[in-house]
Each structure stands twice: as structure tokens, then as C-alpha cells.
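A, B, C and D label the chains in the order they appear, each numbered from 1.
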Amino acid sequence: MLRGSLDMAYTPDELMTVAAARCVGNDDVCFVGIGLPSAACNLARLTHAPGITLIYESGTIGARPSVLPLSIGDGELCATALTTVSVPEFFRYWLQSGRITVGFLGAAQIDRFANINTTVIGSYASPAVRLPGAGGAPEMAAACQRIFIVMPHSKRAFVEQLDFLTSFGHGEGGNHRARLGISTSGPAKVITDLCVMEPHPVTRELTVTSLHPGTTQEQVEESTGWRIGFAEDVAETPAPSARELEVLRRVRLETEHAHKGKEFA
Amino acid sequence: MLRGSLDMAYTPDELMTVAAARCVGNDDVCFVGIGLPSAACNLARLTHAPGITLIYESGTIGARPSVLPLSIGDGELCATALTTVSVPEFFRYWLQSGRITVGFLGAAQIDRFANINTTVIGSYASPAVRLPGAGGAPEMAAACQRIFIVMPHSKRAFVEQLDFLTSFGHGEGGNHRARLGISTSGPAKVITDLCVMEPHPVTRELTVTSLHPGTTQEQVEESTGWRIGFAEDVAETPAPSARELEVLRRVRLETEHAHKGKEFA
Amino acid sequence: MPHFCSLQAAVADAVHDGNIVAMEGFTHLIPFAAGHEVIRQGRRDLTLVRMTPDLIYDQLIGAGCAAKLVFSWGGNPGVGSLHRLRDAVEHAWPGPLALEEYSHAALATAYDAGAARLPFAAFRGCPGDLARVNGNYRSVTCPFTGEHLTAVPAMRPDVTIIHAQRADRDGNVMVDGIIGVQKEAVLAASRSIVTVEEVVDAFDGGPANACILPHWTVAAIAVVPGGAFPSYAYGYYQRNNAFYLAWDDIARDRETFRAWIDEHVIRSGPEAFAAHAARLA
Amino acid sequence: MPHFCSLQAAVADAVHDGNIVAMEGFTHLIPFAAGHEVIRQGRRDLTLVRMTPDLIYDQLIGAGCAAKLVFSWGGNPGVGSLHRLRDAVEHAWPGPLALEEYSHAALATAYDAGAARLPFAAFRGCPGDLARVNGNYRSVTCPFTGEHLTAVPAMRPDVTIIHAQRADRDGNVMVDGIIGVQKEAVLAASRSIVTVEEVVDAFDGGPANACILPHWTVAAIAVVPGGAFPSYAYGYYQRNNAFYLAWDDIARDRETFRAWIDEHVIRSGPEAFAAHAARLA
């Protein structure tokens, strides 16, 4: 589905990606996951934040991929990186030391305090769906200075109660992070294909602060598994600019071309 | 002072070095200190143990210096090494993990159980002589599979009571190491300019097992600060071979030449 | 001095039923040829350890080699699920699979402690349910600040298997590019097998601080060009993303999977990987 | 982005009286020019941290900059004593010097913990008197095996100063050769100064796993060719062993030492080091 005026049509995914890209700046040091976060961070690098540092958990520091990686350890990341360190060093010296300013996360489930589940749907012992698991997410959620969560909006994903708490967001809300001795600020925004949510300054419950062009409050309410609140002044998310769309589409096209590779014989 | 027949004359220092070199074999992985241990290990490498691995605590693994280093971090070590790792990695992954088969130590003081002092003469709080300190020695004494101690024999050095226990040898003797959970075998030989001592199989007290050519039991007794014991069959230390002397002298000559360097202006 | 030998001999010698086996390579240099050899030799009841199980453990699990999986992220990178892993966990096919699950930070530091032969690793953990389902998440208290840190036991595999770009004639092994936890996994293990793209006379002109495993840390080396396919060998050949995508269909169905294993693993050998070998200019 | 500036400005900005200052470089790339600048600026009551104090801290201690020394081996490598260090400890000249003394393994792992921003490091310690005279040797118990390990607090300097071969124009810093604890010391510190031999356009052709400090980990960079003299810069110039030998005489006597400091430090500047700079083919 394309939205916007005819000459500036864009997909919900493109809007999400652009909105995520706008969260990071030139001086940020970003922990980048594969998929939409990688697209967003590289879009930022190729537009308003040329000096941004992108780090992938494969230990590639300062990667500048010309095409988006399919895995977090693609050769392109290493070839363009300032340096590549071992994975234990990456987690010990670089992530957990608190040097990374921004981390992007996705999730299968998220709750009202931006805690997330990437482990199982159903019970842990006999899950209905076994998901990939934690990866770098738990320590990223704890150690990055700010966290942005990017995921499509649906009632299955935005749930009243997580099946498993993989990565800690704002816990039970309020100053729960601080009470546990976590010094970083945690999830700052949740960006979906419908809206942008931010934690309430006091309760830390996610609140809609911006609706994407064409989205209604009702749509958000119907897609959220708890009674979602809205800020007093809900803004309209700025549409992607022509330049942002152009760069994003070019990178994706080049990526698609590069990843076709040779067919498996 | 030269000993031996005219065509095979050698100094006590040369005999010590050759005796030390003979302690290591082709499959050994040696933690090498500067000075006599470095000369001994490289002599071994250039004669009977061409496959020996020499590691200096600067993190240079598999160094094959053509001249003997003046410091444990000379450029020659890095240039000829298989690889050079960081100092924390060296101590964590390589030394303390128990991978190093042989370590050489020297000392200002040693006691009857081959415990050594390289820290102070006199009291710690106001020492008569402040020595360099521990360096890599304590963990080397604990983690290398076998330890060889090489030092000139004198009453000031071979003492009844250490002023400071820097590196643990056989402690109070007997199975003291095992009682403390140390799995390595500890000091195996002490090589001096007079003799070779080995710990008694049960008491672990140092016992003379070999006298250097021309040395008497009385000389050893007069140079030792405790009542030193002798093995039932005290051997005569084999004199250096012509080949060993030739290689050792050539390396030392080349080293002297190389280290003169440019004068300080 | 490691034993230069066939992959068949190396696996037969080092990998036994019931072993704790780590096959590492963080998205890069994944030792697929060695994994296939383990399947071909019919090993059973293995505890498979790997940060990112990837297709290699999907294959071993589906082929019935594993009793337990120790891991921190189990997906098909950039594609989706590992269907054989899911089938084992969700439906106990072809048998039940016990899980011991960590975060990347926890498992990476556990390997680091294993390489240092320390009994545990301490790190700044974080609240969540992982510590509830894995009894190996414990706590230590800093004796200086009183802070509680998370502790996990050191990872000490019986056997570690990695793939590297090259060995020299003495059996020293060089890994270049994304080095992951390969060095730690080898140093943490009781014994190790390395498959390599090629053997060179010397690592001349190599950097002073390259990631090199000295010959006395490696038990056996087998030359298997292309042995990391469909993952990649930096400087040699690229990741075959098409295969990663194709695997989604192959592995989704038990019969398709079995047929694939039969054709490409059971009725094949390490030499088949040579078709994927290349040396980038 | 680090501030490219003069060494004078970098030291004036970052090094304050009473600071915990680490100047690292394990026999290699010892930041002598920066040490001289600290002496020239008359800093006092510093806690100086360095695994191997070497001549650089002999100079700072003799010049009266230090109240305390944290170290693990304090000699003139291959030559003998550090006479100014000994005079301070044995005769409190030019003032008393407190010691906090470790083994190399302990101090190296303390830097490692500092870089990881962990509060302490655990390692397999060994019996001896060091733990008796340094209250920072404590104990932690493995929650899995019950083994008692030695714990030391993480090393977290206020300022770390290192010398490196080169920076690029963005302020990234590359260290090549014996890398010691330089990376850890910079990452463990609140702020850092790096002196470099030269600034290059890019680290082209460098190895994938080179030791590089990204620009956002470094506060200030000063270009000081020859700044590691009389130690060395791998690939640039060799260690001046003759100076290490000559220092034994210079430092043995208080007056000779004072005259040397006056002539070569107080009435000199960083530019004097350029006479020792070179680039090996």
C-alpha cells in the first residue's frame, strides 16, 4: 500500500524506516541489527548523519556498507569497517562498557512498558512457536544509552502480557530501571507502521505521541493489546522527504541486486 | 674466569646458560625472561630444539630473534613472532590458562623450597633495597608446567628466610602446592654457577644433584645460607659442547653489536 | 604439532557420541563441511554449542545428532526460522532437544573464561526471564563495591571445530576478517579440529596482530577448500545468500530435508565443497 | 571527534594535579614526550599508573610530580634499577612515594576490567606476600565450583596517555606491533591523550583486525614525531638502547638527574623529539 501524494508515494515500511533514521544523529554510535534497523541507520549515514558510527555485533566497528547486509556478519561489513574485533571483546569493551549511544531492537511481543519478547510464544518448556532468542538484545537494552524499537503494529505483537521477558525495557514502569541500578535511559521511542510511541515521563507507559499520515487513533487502539494512551498533543509524523525516499530505494535496489548472488546449484 | 681445557674454555655464566638451555626441548612452549633465560632459550632454539616456541610477556608468541633482546618488548621480538597479542590476552589466554610448559625465573633471594623474592631487601615499608618487583613472575611460577630458576650462587641470595615472598615455589615443602590447589609441578631445577639443585621428591627441599666441573661440595655449602643437602649420587654437570659455545658466543657477539645502536646525542 | 589429515580421520578421531561440541564462526567461516562429516559418521547425543546455530546446526539437529543445544540466537539470519531447530523444540522431531540458552554477551564471555581456563565469567547482566529458565545464570558480588554481577560457567567444549582461511606448513592457523569467538572456542576446548581453505608456506607480510592460533593449540588440520559454504571465507568466496534463502524451503518440510541430507551429505563428501572454493583477487 | 591540538594544550586541558594518570606502552611506544610535558607543566600529587614504570616514571618521580605509584615491575629493562624510583621509596626524595603494587597478570586484568567498565577482575592468583601488602587483593568465590579466585579492582584512570604510530584525519588511531595494554588503558580512562608519529589520510590496506581506537574514544591527539624516544615506534624508529644504558648514570645521582631534566625537559619542548623520528623502510 502506498500513501502520500502521487509524486511522493511511500509504503508504511518506508515511513517506519525513515522515522527510525531520523532518531539518530551525526555523533551517534549505533548498535545495528539486521533488517529495518540496518536500513534506517545506513539511510541516516547516507543523508543527514554522514559521521555516524555503525557497529554490528559481529565486531565490525565503523562499518560503511554500500549494500545492506543480509546477516550481521556479511563480508561487506568487515571490508568497510574501521576495524573488526572479536565477539567477546565487542560485548565486553564496546557494548557493556556503555560506549554505544543508540540501539535498535525489534520484537515478536512488546508490552506497555516496552519490555520485549524474542524467545517463545507460549510456554518456554513447550512453546507454540520457538523464536530465535536473545542474541545481543538483553545487554543492548541495558547498556545502550537510548533504545529505539521498530516493529509493525498488531494486537498479536502489542500485548497485555509477554509470554517471555527477553529484554528489559521499563520493567514495571516508573523508576524501575534506576531501582535496579541500570543507569541508561532505556526505550525512548517505539516506531510502528501506524504511529510513534514514547514512554510517559513519569509512569514510563508507552503513549502515542505522533500518528503517521492517514492513521487514526482508532486504528492504533484496535491494533494494541492494551488500552493505549495518547499524548495531549498528538503530532503527525512528518512524511519521508523525496531525498530520503530516493536514497532508501536506491540502497534497497542495490542490495536486492547484490544479494541475488549465484543460484545454488 | 675460564674453566675447562684450553680449546674448550668457558665461563661459569656460559655453563649456566648451556645447562639451562638443555632443560628445554623441541616441543616446549617457554615463557622467556630477559637476560640469561633469553640467551638459554634461544641457544636451545639454535641447537637441539629448533621447533621450540618462545613467548615473551610483551605478547610476542613464537618469537625467533636473531639477536638477544635487551627488553622483553624489543621490536625484533614482534618482527620475528608468529603473532603478537595484547598483554591482558597474553596473561589470560596464554599464561594463566596453563598452556606454557616451561618458565625461567631469576631472583634476588631464594629459599630452600625455591620460593623467591624479587621485591625488596629489608622491610616492605622501608626497604634497604627496592627491587623491581613481581612482573610476570608470581603467575608464571603458578601456571607454567615446570619452572627453572637460574641465578648465581651466593650466601646473600640463597637465604634461610626471604625478606618477601614474591613468587611461590614449593612453599613450606612437601605437598604444599597441591594443598593449595596448584596443579603445576613448580620449580624443577635451580641452576647456579656452581651446581644444579633439584627439589627432593618428598620434602621438596632443594638438594644438589650435579656439581659443575671443578666445583666442590664445600664451595656450595659456603655459598648457601642454609644447610644444603646433597643427593646420594651427585653427578658432574656436563661441560658445554663446542657447538653450544660457538652458537652462544656468536649470538652474544651479534647482540652486543646490534645493541650498541646510535649513541645518545 | 597438529596432525594434517583427512576430515574423515579428524572427525573420527576427535568427535565421539555424547561429546560437547562447539562449531564456531560468527556468520563467517562456518565449518559446514565438518558439520556434514559429523552427520555422515552418525554421531549421536551430542551437546552442540554455538552462539548462532545457523543452518549448520539446523542440519545436525534435523539429522538426529544432537541431544542438547547451547546457544544464544537461533535463526536463519536475514531469512527467518530454523525449521529443524523449531521442529525439535516444538515437536521433539526427530527427538527431544534440551536447550541451554544464553544471551550473546553471556555466551561470548563464557567462551572467554573458557579460553582463560577460569571457572566462571562475571558480567553486568540484566533483568529478564533468561535467568529464570537457565540455572547457569548465577550471581557474584564485587568485593570492592558490593555490586551484584551475573555469573555464568566457563564454556569448555570437549571438541571445537572451526574453519579458517589458511594454515602454514608448521600447522599454525590464521583467521582473518570477522573473527567471532573462534580463537576463544579453540583455546577453551580439550581438543580442536580446523578445516582450512589452503596451506601456505608462511604468513608473510601478515599484520603483527593477526588472529593466529599456534600449531600447538590445534589437534588436527584438514584441507577442505570451500568448506565454509554456504557461509563465506573473507578474501576467498562470498556468502551464498541464495542458499540461505533456499534453505527456508528445504528445511521447512521433514521429507524435503531428509532428501537433501541424503543427497548432499550422506551420499557426498568433503571434496564436494571444492566446487564452491574461490580466491578473491 | 578528538581535538587535534598541541601537546601543551592537550596536557594543560586533561591532566590536573592529583589525577590518576596512566601512561602506557609496554616497552614499546612509551609516551616520553607527553611525560616531559607533564613535568614541564609542573603537575603535582599525581597517582601514576603503569605496568612497567620504565624511565618515563623515573623522570616524573624524580621531578616531583608523583604522590603514588601503581605498578607491577619497576626496573630499567635489561639494565638494572630505576634510581629515582628507588630514591623516592628508600629515601623519600624528592618526597614520599606511596606504592600500590601488583603482578603483571593482576594489573593487566585490572585494565581489562576497566575497559569493560566492570567493577573488578577475577583471576587465578597465587600465594605470596603481595596480597599481604596490597589491600586490593581480595577474593571471590566461583558460584559453580566453589573455587576461590583472586579479585582486584578495575583500573579506571582519570587520564590515559599513549603514543601511537598514526592517526587518520578523522582522529581514529592505529597502534601496530606490541600493543601492550594501550587499548585497554584508553578505554578504561575518563579521558585520553594520544601522541602520534604522523597523521595519514586513511589506514588503507591495513589488516581487518588491527588495533584501532575509533575517534570517539580519544579526547585529544597531538602530532609529536619521535615522541616515544628513547623507546621505539615499530615501523618508524628503533629503541635507543644506548640511552637506556646512559640513563643508569644520569639517574643515579640527584644533581646529574636535575641537570638533565633542566636541560632536556624544562628548557626544551615536544619539538625536540623530532630529531629522533624516522620511518623504517
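The criterion applied here is as follows: a contact is a pair of C-beta atoms (placed from the backbone, for glycine too) under 8 Å apart; a residue touches a chain by one contact, two chains touch by 3 or more.
Values in this document were obtained by computation on a predicted structure and should not be read as measured data.
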| item | value |
| --- | --- |
| Third chains touching both subunit B and subunit A | C, D |
| Contacts common to subunit B and subunit D (chain labels) | C |
| Rounded Å distance between subunit C and subunit D, as computed from the means of their C-alpha atoms | 39 |
| Rounded Å distance between subunit A and subunit C, as computed from the means of their C-alpha atoms | 28 |
| Per-residue multi-chain contacts in subunit D, two or more chains | 112, 116-118, 123-124, 147, 177-179, 183-184, 208-211, 234 |
| Of all residues in subunit B, the ones touching two or more other chains | 78-79, 84-85, 92, 96 |
| Pairwise touch network: line, ring, star, complete, or other | other |
| Set of all touching chain pairs, with the criterion as stated earlier | A-C, A-D, B-C, B-D, C-D |
| Contacting residues of subunit A [partner subunit D, same complex] | 27, 29, 51, 53, 61-62, 78-79, 81-85, 92-93, 96-99 |
| Subunit D partner contacts - residues on subunit B that touch it in the complex | 34-35, 57-60, 69-75, 77-79, 84-88, 90-92, 95-96, 119, 124, 126-139, 141-143, 164-168, 171, 180-182, 259-265 |
| Residues of subunit D that touch subunit A when the two form their complex | 1, 112, 115-118, 172, 183-184, 187, 203, 208-212, 214, 216-217 |
| Residues of subunit D that touch subunit C when the two form their complex | 116-120, 122-124, 136, 138-145, 147, 149, 151, 153, 176-179, 206-211, 234 |
| List of subunit D residues in touch with subunit B within their complex | 26-28, 51-52, 71-75, 77-79, 81-82, 85-86, 89-90, 101-105, 108-109, 111-112, 123-130, 133, 147, 177-181, 183-184, 211, 230, 232, 234, 238-244, 246, 275 |
